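Going by the order they are written in, the chains are A, B, C and D; count residues from 1 in each one.
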């Protein structure tokens, strides 16, 4: 579904990503792990269009998205969450979900000015869908609360709901367990598995091995901008390079 | 009316207050979308000159002049916005200051420039002398209707998909892009709309002040327009209108304080942004004060107002 | 005579622009603040120096340090009132910009009131004639006055000193740390508030020195001397790469050169249009300035 | 058309020359109090007669508004002291235009519609006058510009007057006189191209020089607020002019003079109203040598009228500072209104207008003053040259520099 070929990203003289090759198969949960500063977030930014690779290609459902702007990529069906929550804090939870559906609306400014039937119909469906999502994520009570004022856990879930609101085929989760306790992490894992069950493809970038173990069908390991290993959780546990990367992390203390 | 005139507020004051409210709304649109643009004085100049040239040199009626002024401002905003709106916060502010100055100087030199191009002497903008003896065609009710239309437009905008996209871009442009919002498109459309409103205000005001010259639309004007929005507050569309009214009426009410006006203006701008960041009309801030009065603690994550969150570095 | 003289004119104007812009660039480089009230501080520096000579009978040379201290303290006051509360609240940089515009209007208005009282309705004031020799230096194939040479030398020396301060001293090291990241700096035990105050003082003092020298060179002071140079100064520091100190120096000479060249080429009507178009272009094409590197390397 | 202009020029040259010829000994001029009226003291007028004044008391042009206010207040006090209006007293309301067109309109509206003043002095700036005078005109109220020099001010209507000589009435005379006396042949022009006052001054200068067949070796512009004119001056001087004609406001006039001298230029500099300020002479010191200034009034005029001497003394006593041309014109304006009210013996706006339009040969600090049929002032301008730090009458002898 998503294929990365020789993707590189140079910042000045520094290579944040070097010849990354990766495939995310449809209907599966793929994991991407690696120590701090390995280039995980750079990679997800490149896939979601916030950044563009300096070399190589990214293909999504046979479309080259390497240089596409983010909104086009979203329209093609890739959604994401962020390592540090990036909700629209001044807006209510409901409005956040409406924005998530931005690309699905068709009504023009003019139509909204004159309350055209299409505008009214469309607003109604968007709202209905937003309420569905709120319910699905147990956020009904928060509908009219500014997102910035919600408790942390609710914000996390709202962000995921917002990503789903864009009707993606592929969801990129950037360290979704950051700041969560083990119980919450496990709940999130179940949520991801439910998504997979409903036919969703997921790419999880994580630090937390327990979540990876719980949900991933296949795992890539990134270190110093390069994929150093790839396989199932069981296979990687015994890979010396992976062990080295993870053990070495403490000693190097977040290099690069 | 009696009460207003007892405060020294005559009809012209009301008219200029309306113009300034419209100007406040023009910059409100860009601020609401997280763009700190100081280009609106330039667009006002373009609208004023286009409008007046249409009614005075071409002899067409005022509504066509206003429409022409708005259109011209919008048309010029397009090629300016495309490259400039890639810039953020301070850089955008500086670039738009530069734009305003270039507009002013080009209007100043417009006649010799055009005369040189077409090979005969023409008088279009009148250079530094400007265009004089413009009949006073603008009536108060014109301005009231225009302001109501703009306000209606903005309130509808806020409740539309496009308006939500504007707010989203202000709060987090990158996340907004990931939501499928074409940020470049939205920002440019807003920039053009803002320019058109400023252009309209310019065309109306040109037919009120009876004389327009390039010097009336310099950096000082850009700061004035900013002040309307900042004082009133940019968390709702009501703020800039209130700001425009207050800052226009204030000098009239304070006529006794002639010499200290500059001091008062400077203090207002500085103190409001430092100590009343949401401006005069700021529901969130009022709620916070109210809650504090009732002895409750305000929620820790209070949403910042839009000038505040105006632009992230 | 013409070409040589125009080159001299450009160098001279360039040193004025550079001198003005040093403090402007310093505040931006260390603190990330675009202080549009810098021009008002500059004017106050000139005014303080002038008052020290006219009303306190100080010798002219002494007015320079007096103005530096006075303008420095004024800048610190400004920092405390107009910037520190915003910083404490974590307000965006744009709020600081707006606040500085307000401060600038306020400072100029107050100066206007005082000028009117002291110097009459015209608000024109000057150092006593003959405070500095204004006759051209003799025996040169072009006209240059001693004060023009002094300003050029001072601009260069101050730039070098500032550069040394930032790159060679412990204080400078701390300033760079603050410039890099205020949070990290405070974790390293650096008194960040103190660095802010010091940087503003230094920038104010530079503005004060520039103001007095400017006053001596042009010797006709009004409360508005900062206004015209403010927007030019903006172009200078953008051209030099916002917050780059050598950049400010080079930017000053480039802008001055461009102005003088456009006049010499017969386009005095378009001088400012050319300068502001350049400002525009630089921001679009090379926002890091002519001599700057890519982002993330302030100071 | 051309011959009419030439005749006008000749008249302008002759009138001041004749006036100066008559008063050969300046020191002999005695101070004469204002108020030699053509009319008897008003019999029916009583109570308080209120006039208004719209001035730039704040904002960029507050430099001019301050002296105007002081001078008008002085005149009003003198009118009342002298019982010039019989049983009535004159009262003045000052309004600030903040140097902005919008505020000028607001101030004018307040005075005319709310305060119901008999007549208004001001607004200070010509562009403000174009904005605000129609308000007075529409309300049938006299408005008299005391510092408006732009073309077309009084075309706004029959209630619009001015007592300030337009540049077109001053500069051609000065230029014609200087050219004839000093034998000028090459001129360089310098002006601010973003200000209506300096641009109109420049246009008048350019036309006057071309009319006289003098070669223009260069035209340079700058922006208001500039301080460095070296590049423009270098360009002009390379054309080797024998006179620089400069249309500038006072602050820039000082800089231009100083910098031209520093660049080694020691020829004549002709300036318009902007140079006509005591500050320019004071600020430029020895560099002012050879400055030729034309204006409606100058404190340094070596041949002042008796009223002028009286005015200067009274102004200095009242304000502790020396008056400039703006003050003299504002002072004269207030007295002209008082005279019009006195002669009308009425506070009726139309009666005052008609009476004002009829003023002929009224003795003022500006000289013997009349209005022409277009309500523009007629009086002799001054043409002077600075020699050894003092203004002297421009003659063939005083004009020779460098001995």
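Going forward, a contact is a pair of C-beta atoms (placed from the backbone, for glycine too) under 8 Å apart; a residue touches a chain by one contact, two chains touch by 3 or more.
Worth saying up front: this structure is predicted, and the values here are computed from it rather than measured.
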- Greatest number of touching C-beta pairs links chains B-C
- Note on the structure: Taking each chain's mean CA coordinate, chain B and chain D are separated, in whole Å, by 38
- Message: Centroid of chain B to centroid of chain C, CA atoms only: how many Å?
- Response: 30
- Note on the structure: Cα centroid separation, chain A vs chain D, in Å, comes to 74
- Note on the structure: Touching at least 2 other chains, the residues of chain B are 105, 108-109, 259, 261-262, 309
- Message: Can you pull out the residues of chain C that are in contact with at least two other chains?
- Response: 112, 269, 272
- Message: For chain D, give me the residues that contact two or more of the other chains.
- Response: 62, 193
- Query: For this entry, which pairs of chains touch?
  - Reply: A-B, B-C, B-D, C-D
- Message: Applying the document's contact rule, which stretches of chain D touch chain C when the two form their complex?
- Response: 60, 62-64, 66-67, 193, 220-223, 225-228, 230-232, 234-235, 238, 250-251, 254-255, 258, 262-264, 277, 279, 283, 285-286, 321-322, 324
- Query: Which positions of chain A touch chain B when the two form their complex?
  - Reply: 48-50, 69-71, 74-75, 79-80, 82, 86-91, 95, 98-100, 102-103, 105, 107, 109, 112-113, 119, 122, 126, 146, 148-149, 162, 166
- So in the complex, which bits of chain D are touching chain B? 57-59, 62, 95-96, 98, 101-103, 105-106, 109-110, 113-114, 127, 130-131, 134-135, 150, 152, 155-156, 192-196, 198-200, 224
- Query: Which of the residues in chain B come into contact with chain D in the complex?
  - Reply: 5, 8, 10-13, 16, 104-105, 108-109, 127-130, 132-133, 136, 205, 208-211, 213-216, 251-252, 255, 258-259, 261-262
- Tell me, which parts of chain C touch chain D in their complex? 1-2, 5-6, 9-10, 12-13, 16, 112, 116, 120-124, 126, 129, 134-136, 143, 145, 214, 218-220, 222, 224-225, 227-229, 259-260, 263-264, 266, 268-269, 271-272
